[in-house]
Amino acid sequence: MKMLDTIPIRPAPSPAANAPALLREIAAALDALLLSGRRHCIDLGSLPLSTADRDLLRETLGTGEIRMELVALGSSRIEETGVPGVWWVRHSSEDGILLTESLEICHVPEIVPADTTDIANGLQRLRQALALRESGGH
Amino acid sequence: MDETILDAFRQNGLSRRAFLKFCAATASLLALPPAAAAAMAEKLASTPRPTVIYLSYQECTGCLESMTRSFSPTIEHLMFNSISLAFNDTLQAAAGEAAEAARKEAMRKAWGKYILIVDGAVPMGAGGAYCVAAGQSAVDDLRHAAQGAAAIIAVGTCAAFGGVPYAAPNPTGAVPVSEVIRDRPIINVSGCPPIPEVMTGVVVYYLSFGMPALDRQGRPLTFYGNTIHDRCYRRPFYDEGRFAHTFDDEGARNGWCLYELGCKGPVTYNACATLKWNQGTSFPIQSGHGCLGCSEPDFWDKGGFYRPLPAATGHWPRGEVLGGAALGGTVVGVGAAALARSRQQAAAAKSAKEVSSPSPKEDSHEH
Amino acid sequence: MTGTDTQFPLELNQPRLSIQKPEPRYDKQGEMADTERLDRAMRGFVKDFGATAALYMESCVHCGQCAEVCQYYVQTGDPKYTPIWKLEPFKQAYKRETGPFAPFFRLFNLKRRVTVRELEEWQELIYDSCTQCGRCTMVCPMGIDIASLVGLARHGMAAAGLVPHELWATVERAKREGSPLGATPAVLKDRIAWLEDEHSVEIPLDRSQADVLMTISSIEVMKYPQSIVALARIMKRMGASWTFRSDGYEATNFSMFAGDQQGQREASLKLIEAAIAVGASVLILPECGHAYQALRWQGANLYGKPLPFRVLQIAEYLAEGIRQGKLQLQPVQSSVTFHDPCQIVRRGGATEAPREVLRALGVELREMDAHGAYNWCCGGGGGVVTIHRADPLRYKTYQIKMQQVEDTGAEMLVSTCSNCRQTFDDGQAHFHWDKTAQSLLELVADHLVTEQE
Amino acid sequence: MSTETDLLDFARGPALEAALIILVFGIFWRLVGVLALRRPRDLSEPRVRHAWLGGVRTIFTRMWPRREFRPRILHWEMVSYVFHIGLAVVILGLVPHILLIRDITGLSWPGLPTGVITFAAGVALISLLALLAHRATHPVLRRISNFDDYFSWLLVFTPLLTGLMAYYHLGGRYEDLLAMHMLSAELLLAWLPFSKLAHTVLFLFSRGVTGTIYSRRGAQI
């Protein structure tokens, strides 16, 4: 009887089929961003991307200047690619599982700027802390 | 109870960023266009956290087991942030009369507004006696609970289409929820079990956008809009005519199409091929086994899991039946020929008589 | 003349060219109710239906290819001349009466009964526009032998008295006088005596014993007597023991054309019995296509047992003689094209014999574009040449043949069927054509190596 | 429980069984009903021995028209050939079809890529349309065509069309289209023995018989 791990399993070959179309979509979205300021988002999870597709995307877009890490409900990585205005966004869960991966074409991804309510809440917390410090500092 | 979902997030110490991330992940899961994440965020930010009642009848708890393994949105997020799970036999701490009392209280408070999740088929046989809890039969319980529900989500193939209990010979007279309740919107989330993210995703979708678009089987098109076959990574092999003929042949090792081994992918609507299972790890076909068609009605009774789709479903004895047809045809053919021959003989005899006594008119010809 | 329509008198002795556009008409023989006529037609048609004919009737896929090779359709473009359409009422009758689903069709009346009107209308299609040449058989992708089915259809038509007058009259005369053209035994004796005198040849008649029974077409007796002389000279040269018999000489069988089976059988039996009476080992059929069909291939079946002698068409006999060195021939210094008589070649299988003879004559044989089994019919077969009203149609089809012959550029046109020859002569006169069809037999007789050598 | 999958189950189960029974029953009825008619022995002296060999040969030689006939018939013969080959490729090359045949008969062979099948089906459909147009316009074909011709055409056309539609999910859901496809093909099978479509079997016999008769006479056939 053959051991299971001796059965040779070869993965099916998968050429880069979708990346070229994606790159053209990105170019068009950048055009639109420059002209009208419209932001665009491409959900990479909804497309069948092979390893070759990913490699081609990575290679073509390159690495940019900004790399951010967001820690909320697990970690998220927000990286600008070598093409300014194109952001590679990866959200992971608390267990480190990739939830969604997208390319955002915008000046800054929407999730980055601090929200007014959150700022207000933070300000409130800051004031409380200050008050506590002033009252209890001595 | 008018606390919104965003409020719930904040109360749990989460920022709007986390909320946006939740929405983005969920929209991606639901295969909504990226712009819908923003719409969802807006809607959920203002939607009151709904009450959910989860009832279990003839089922195996496989669906709930599956649901608790959802990674996006996680069941924890659902329970703590998005919904108020007021009753679930298995998950709640309370038991017995305390549990029943809690349920009654929750239903009374949210009467007409709560979401009812039903898991399992409903036995109708013997007056519903095959499934009784707290002195009430499943069918009566369901009828009552449904009256106060804004919508019903039938989770699992048993609740949606009858599933295992409904399979022939169906000794308990089991029926799907849709045969008991006809006056409430029902979303069928079929599968044995359904994909965890599909179950949680449907709940979030319902909260964000209301009733989803359904197919004819009452399933959300978002998850059940395509067949496994159409989204299968092995589909190119089908198109090239490359098939595994046995589970251990060259084709199977090469990962070729499992159609010949009985894969029901072409007629099975589900999201297995795209969402996959166990946090996107794999799905049956990727693991080398054909699709059983578990999200389709009557999948137990379709002629066999390993019979190829185009094969006849009936298990009639081919040789005997067709041989009999050939024999019958031969007998009828011989009969028809015998009849024709006897008519020919009669015609020949009559014509011979005419020739032997020629008609005077023909005879009297002169030039 | 009871039994035929007096409105259209028969003019059998008129020269053929005097016939001007005849009125379209349906001929009927005998007085009987339509139902009786129909009953007879169906019985006559159905009673001979065997598995083969039934198979053909079942197999047609209505592809229409038969029309494209039929001279009548090709020359007129009229779809009613589609060969399989000529059988339509009979196909319908078959499906209703004999086919495997016949009881079903009768029960639900899915195939309605054929009417006498239809049969009358189809008379032209069954007789006037089909020479039973069998070209359609050669193209049919299902291999349906339409020509043989037309023969069966004619059985029904004849039984119902729905035969064109001239053909019917020809048959009647053949039955009454022993010959369709008046070559009675007495006339035959006279002719032979006169020919013996005139040409100083010996023509044996009514010998009691002979190896070879020679038969004759009355067309030859009446129109081409030189053929008989040619025959006598060749037989003498070959040193054969042969004879004509006044009790069995007429090789033509117009009853077969008309569909009169009784008559066909009687005519064949005369020949068979005469051959047996003289103890012949060979019965030779003259240059006549349908005689070959009637006796060579249908004779034994009508007789009921295999014939105790061989049946050869004269060209086959000549070819044998040449092969055995009994005939030496002088070369013919001319280019020749050969017209294949349908019943001898396409439907008879004697394709090579006449060509063998032509080769022995050293001619330059220029085959027509379609020859052998794919030959175009002269247009006179199947009894069509007897039907006066069919003449305009026949001339149209004859044009194909003329063109074919012209295209070869051959100096001489040879055939081995007096019925074809008669058709050629008639067509030649009609179109003032410069080509005369020659008899292969006469050509051989004219080129025998002279006695001294 | 749901009608749409019931339809597919019906097509795969009872309908298929019924169609096959009718097909086999009908073909035997028709063939035996014909072959059991009188078959008198031909008593004439054959020119050629073993004429049946000629019959077998004719089954093949009659597949292509003789040179003499080609100018007038070859073009439509080719269209007809294109249709027949296309149909054969679709019926015998598509893996689901092979699996069905294997399920019924136990016979199996390798399939063809679906691209080839789609192309063949498209070609078959187009040639069928052309043949219909030809039948509806050519005077000879108009004259000799009957209900059988047009209905049989429809019954051949429908499974091809529904098959393509099912494959490409055009105009409905796959299982509905598949059910329609199977039902239409089953209707075709059940109709076959009683119609001109029986030429699929009859051609062997009618060609063979004519080939035998004329080979026996030594004629070219």
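Just so it is clear, A, B, C and D label the chains in written order, and each chain counts residues from 1 on its own.
Just so it is clear, a contact is a pair of C-beta atoms (placed from the backbone, for glycine too) under 8 Å apart; a residue touches a chain by one contact, two chains touch by 3 or more.
Per UniProt, the chains are B = Hydrogenase small subunit; C = (Fe-S)-binding protein; D = Nitrate reductase.
Predicted model only: the values in this text are computed from it and were never measured.
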item: Distance-to-centre winner among chains (Cα means, whole assembly as reference); value: D
item: Which of B-C and B-D has more C-beta pairs touching across its chains; value: B-D
item: Gap in Å, rounded to a whole number, between the CA centres of chain C ((Fe-S)-binding protein) and chain B (Hydrogenase small subunit); value: 76
item: CA centroid of chain A to CA centroid of chain B (Hydrogenase small subunit), Å; value: 35
item: Inter-centroid spacing, chain C ((Fe-S)-binding protein) versus chain A (mean Cα positions, whole Å); value: 95
item: Sites on chain A at which at least two other chains make contact; value: none
item: Set of chain B (Hydrogenase small subunit) residues in contact with two or more other chains; value: 333, 336-337, 340, 344
item: Multi-chain contact sites of chain C ((Fe-S)-binding protein), meaning residues that touch two or more partners; value: 49, 98-101
item: All pairs of touching chains, each written as two labels joined by a dash; value: A-B, B-C, B-D, C-D
item: Complex contacts: residues of chain C ((Fe-S)-binding protein) adjacent to chain B (Hydrogenase small subunit); value: 1-4, 10, 12, 29-32, 40, 42-44, 46-49, 97-103, 159, 161, 169, 172-173, 262
item: Chain D (Nitrate reductase) contact footprint on chain B (Hydrogenase small subunit) (complex, rising order); value: 161-162, 166, 176, 179, 216-217, 227, 229-230, 238-241, 243, 259-260, 266-267, 296-298, 302-303, 307-314, 316, 318, 321-322, 325-330, 332-334, 336-338, 340-341, 344
item: Touching residues on chain D (Nitrate reductase), where the partner in the complex is chain B (Hydrogenase small subunit); value: 1-2, 4-5, 8-9, 12-14, 16-17, 20-38, 95-97, 99-100, 102-105, 110-115, 169, 173-175, 178
item: Contact set on chain D (Nitrate reductase) toward chain C ((Fe-S)-binding protein) in their complex; value: 29-30, 32-40, 42-45, 47-48, 58, 62-63, 65-66, 68-69, 72-73, 77, 80, 138-146, 148-149, 194, 196, 198-199, 202-203, 205-211, 213-214, 217-221
item: List of chain B (Hydrogenase small subunit) residues in touch with chain A within their complex; value: 10, 14-18, 20-22, 24-25, 27-29, 31, 33-35, 37-38, 71-72, 74, 77, 233-234, 236-237, 248, 253-255, 279-280
